[in-house]
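Common to both upcoming complexes is chain A, partnered first by chain B, then by chain C.
Here is the complex of A and B:
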């Protein structure tokens, strides 16, 4: 490794150094706010290293990682999302008993895993990044150690292990056929001898990644885990882990190529349609806000697959923009869920939100904006994102997928608007006596910033799209 | 070499099937050890003696012994001795012992018939030296990432396994014996 390689790796190294620093700091002096500040400083420093790493151009750092504009852009999204989640966690945990410092350490490790996945170009780094992400995640999910948390953590642990073994099995098939674990060399070898085993390997790989992304036949864990995890961690599972895995899937499959593999293309198309329809239909029947958001995230990942299957440079722009918009929106929505006051527990039943507008108008307004953005109402980031997805889909004439996207969005309006309506209803007499706990300023600030991002992306998306087209183009 | 491979593979499959069909955790663990040893022998036959040694030392050796210790310690009680006597009945250990004997016979056969056998066409024997050079050369970042992964597991095991009474009222039995992530 040369000096330039070290500069390219700086964002990841800074993140890892922050983890070590927190570990040492906690062993000397336990302080919740100190650890939060170290975490935020580390994330900011890592983000500040991104331009520096970008300056040394796209580089292949050993055979494991590729640090190019695409990886750095996704790393930026991951760092920003982790920053927001860290602040939300502080707001969420500050009143609770117990040791809270380890949460930030695990949060940073999980973010590091996601960033490694975004930059990986080799099965070994894919696997290590994924394991780093998921083994940190199942501890984060079980973090408060309540009965429900532990249950959700164990569910995630078992399903993550099963999906990882499927993934490994797929990798073994592909390695057997091509004799290489590097994505870039795989493509050339795959054209020469794409046998049944190779296709099987790709299929198993897709199944393993589908589990992590919670696409439809592999989505059973999602609602339970989202419900059982503490709200800030749910926000993290819904955003950072999805961003990391999707960034990797996009890089891998665009290098290997799905289009020539007709079976694989069909499989992804079916998964996309099933995710869009099943996710939205299942969300209709839920009475728990976290479960609604869980099923809606399944549908959103289905929408993303439309652009994923479309070819051409527009597809990557569409996916990247949509993932950024989705990340900001989902963080905001779960942030509100974590901050809504509700007698000593998390406000996750729809009924808890009745009349929220009359108690906490600002919080309700932000939640409404986030839901509008998830639904894809104009002026919000979600609208522009969906517009680009449709554009990519129509450009590649994927009519059935485009139709499902439109139908799914139509269904989703119902449950998003239902939540909005509930918030603006008059509270039922006595239930308005809930303590209006002071919303900590840090949380409000973050939510306001997310709101600003969503409207900014919805009204004037050109700068971000320019940036994506300049930096995040693959190849 | 093909025959030895198929025999060890068959032993691995049979032992693993036995693992998931046993009702008693210790019986299952005995078969799991045999299964891991069979996999280790497969590594050896395929020309990876270092991986074979690690598999035997770390999985069949350290981790399994740890499992058995945990299970036996959890079983402490008035009937522990009686339970142990039941465990030591020949019916229990005969199956795993027979499978292990097959593996041992195979290993002796391989060692007698030349030890370092001719690798199959297209493969080569990879020794500890090459593994070390690969790990600390092109795969250095992988080693670093694996160390962070272990850190995550360690911190997680500490957090989940910590007695919840340590900062508040101490209630016995509230600590969770949770060492699932080693």
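Here is the complex of A and C:
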């Protein structure tokens, strides 16, 4: 490894160093705010290293990682999202009993795992990143040790292990056929001997990743985990873990190529359609905001698959843009869920939001904007993102997928609007003391910043698109 | 640049109105009113300017009265491209005018969340102006969708009993259909890129894109569905009675007066020029749907017991004439369609205001509980009579001119359709007189003692009466303003050799060849 390699790895190294630093800090002096500040400083420092790493050009660092614009862009998204989640967690946990400091440590570890996945070009680093992410997540989900949390944590643990073993199985098949674990070399060999075993391996790999991304029919854990985990952790699961895994899937499959593998393409298309329709239909019947958002996230990942299957440079920019927009929006939505005051528990029933417009106008307006962005209404990032996905889909003439996307969006309006409607209904009876808790300024600031990002991307997306096209194009 | 200011002015006015609510409920009202009055004044100045310079006749593709073209999302070839032609000018004049009416009509009716109400109202108007001005398909879609959310809030928050259902239905109908249009826009975008290598959403660039007839028909239908939901065309109209009925007065005025026009305008601006062959193949079916809508709307209006719902159904009938005129696609019919769009905006808007005023006074919209109101409220009843007559197409009032021109135009294309469409006049006479009879005449069974129109309400009605009468007696300024744009539109028709309005018009139906326009009266 040369000096340049170390510079390329700086964002990851800084992140890892911050984890160690927090561990030491906690053992010396426990302070919630101090740990938060270290976390935020570490994330900022890691983000500051991104231009430096980009300056040394796309580099292959050992055979495990490749640090190119694509990896760095996704790392940037992951770092930013983790920053927001850290602030939300502080706001969420500051009133609770117990020791909160380890949460930040786990958050950073999970973020490190996601960033490693975004940069991995080898099965070993893929597995490393994925395990780092999954095992941190499972503790995070069970964090404040309620009954529901433990249930969700265990559920996640079991399904994550199952999916990991499926993934490993798939890797074994592919290794057996190609004799390599590097994505780039696999691509060269794939054309030559795309036998049944190779396709099976790819299929199993896709299933394993499908579990992580919560695509239908591998989605059963999603709603329970989303509901059980504390709201900031749910935000993390819905954004950072998805971004990391999707970045990896996109890199892997665009190098190996799905198009030539007709069976695989068909499988992905069916998964996409099933996710879009089932996700949206299941969301219709829910009465819990976190479950609604869980099913809607399934549908959104299905939408993403449309562009994913479209392949080509347009598809990669479309997916990257959509993931960025989706991340900002989802963070905002779960941020509101975590900050809505509700008598000592999380406000996750739809009924808890009744009349929020009149009690807490700013919070409600932000939530409404996030929901509109998820629904893809203009002025918000979600609109441009959805347009981009359709752009990619129509460009590759994937008509069936495009129309499923349209149908799915049509259905989704119902449950997004239902939440908006509830917020502006008059409160039923005397609402006892719900309005008292004030929104902490740090949380409000973060939500406002997310709102600004959503509107900025929705009105003038050109800079971000430009940046994605310059940096995140996969060769 | 004036075009961007038209929109930004309203957006800024809306924000200011929202924030000014903390100083008192009067502030948002005055701010909205002044914002709209200034805009109307500026537009009128612009209009007079165009007249006096005689440059309304820009008829060639690519010529506009005013234009603004800025880069927006270069990666897609989407530009912030606004342009004004004669039809667009008329439509934004109508928008400002009805906006003022809507603000004035809700002066006392809206007492709850006044700031947010006016914010929504002004943003609806801004988005509608944007639709009338956008000549970049992406920008057009952007504005097209933008109007939905504030309208949804307007109906959902300030509407009547069943408002949540109506708002949701409205939103889902329009949003789902416009997603279909979005796919069609993208299909056109790629069809253009495949043939020319240029990725653009620009209207002028996309004109004349070579396509197979199947593609053209499929894309045309994608646009048609979205426009047909807004217009509305017969099988896609079911959101309209609910939304119009449940909306507050200002919402009904905006819906009937403006949102429906957006659908018609979209057909004129985009559907016909972009897909001329498919549109002309589709015209018989579209015109049949239009005639069905005319008669169906009028019949259903007649059978309603809810006054507001009745007015809502008349909209379906009137907009059927607009659709008929558009797809007849000759100068007479197109001019007629434009006149109806304006006249319907004013007359139906006025009827909704009257219904709203009635509801504020007697707290019901049930026709059975009205009657004999003329004796207690002569001013309101007089206005009601006048606009009911306008709605049935009485000569001398605006609607007559439009519907007559449309029938003349359609007669040259298809005599049976023209005959059937004129049946609509009979049914509309029945429902309009029935309305007057049941509400204003007869015996005042409930012995209601009600306040008549005050100064504000009388002023609204007076202005609207002046406009509808002027349009009926001297429609020439409107026709001259629209002529350039309509000539341009006529030139896109397949086999276009169409001279001025009153001359020989390209005949699709050889049997109609011998008929001279004007002999049908």
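The working rule: the second predicted complex is superposed on the first by the 472 of 475 C-alpha atoms of A that agree within 3 Å, B and C clash if a C-alpha of one lies under 4 Å from a C-alpha of the other, contacts with A are read in each partner's own complex, and residues count from 1 in each chain.
Convention: a contact is a pair of C-beta atoms (placed from the backbone, for glycine too) under 8 Å apart; a residue touches a chain by one contact, two chains touch by 3 or more.
From a predicted model like this one, the values you see are computed outputs, not experimental measurements.
Undergrad: Touch test for A:178: chain B only (first), chain C only (second), both, or neither?
TA: neither
Undergrad: According to the stated criteria, A:378 is in contact with first (chain B), second (chain C), both, or neither; which is it?
TA: second
Undergrad: May I ask you to decide whether A:390 touches chain B, chain C, both, or neither, giving the answer as first, second, both or neither?
TA: Only chain C; A:390 stays clear of chain B.
Undergrad: Now for A:234: first (chain B), second (chain C), both, or neither, which partner does it touch?
TA: neither
Undergrad: Once chain A of both complexes is superposed, is A:466 in touch with chain B (first), chain C (second), both, or neither?
TA: second
Undergrad: Which of the two partners, first being chain B and second being chain C, lies in contact with A:421: first, second, both, or neither?
TA: The answer is second: A:421 touches chain C but not chain B.
Undergrad: Under the stated touch criterion, which partner chain does A:97 make contact with: chain B (first), chain C (second), both, or neither?
TA: first
Undergrad: Where on chain A is chain B touching in the complex?
TA: Going by the criterion above, the answer is residues 1, 9, 16, 19, 23, 61-65, 97-99, 102, 105-106, 109-110, 112, 116, 124-125, 128-129, 131-132, 135-136, 138-139, 142-143, 145, 150, 157.
Undergrad: Quick check on the complex: what are the chain C residues that touch chain A?
TA: 71-76, 138, 141-143, 145-146, 148-149, 152-153, 156-157, 164, 167-168, 171-172, 175-176, 179-180, 182-183, 186-187, 189-190
Undergrad: Could you list, by residue number, the parts of chain B that touch chain A in their complex?
TA: Residue positions touching the partner: 138-142, 144-146, 148-149, 151-153, 155-156, 158-160, 162, 164, 167-168, 176, 180-181.
Undergrad: Any idea which chain A residues touch chain C in the complex?
TA: Interface residues on chain A, with respect to chain C: 317, 372, 377-379, 383-384, 387, 390-391, 394-395, 402-403, 406, 409-410, 413-414, 417-418, 421, 424-425, 460-462, 465-466, 469.
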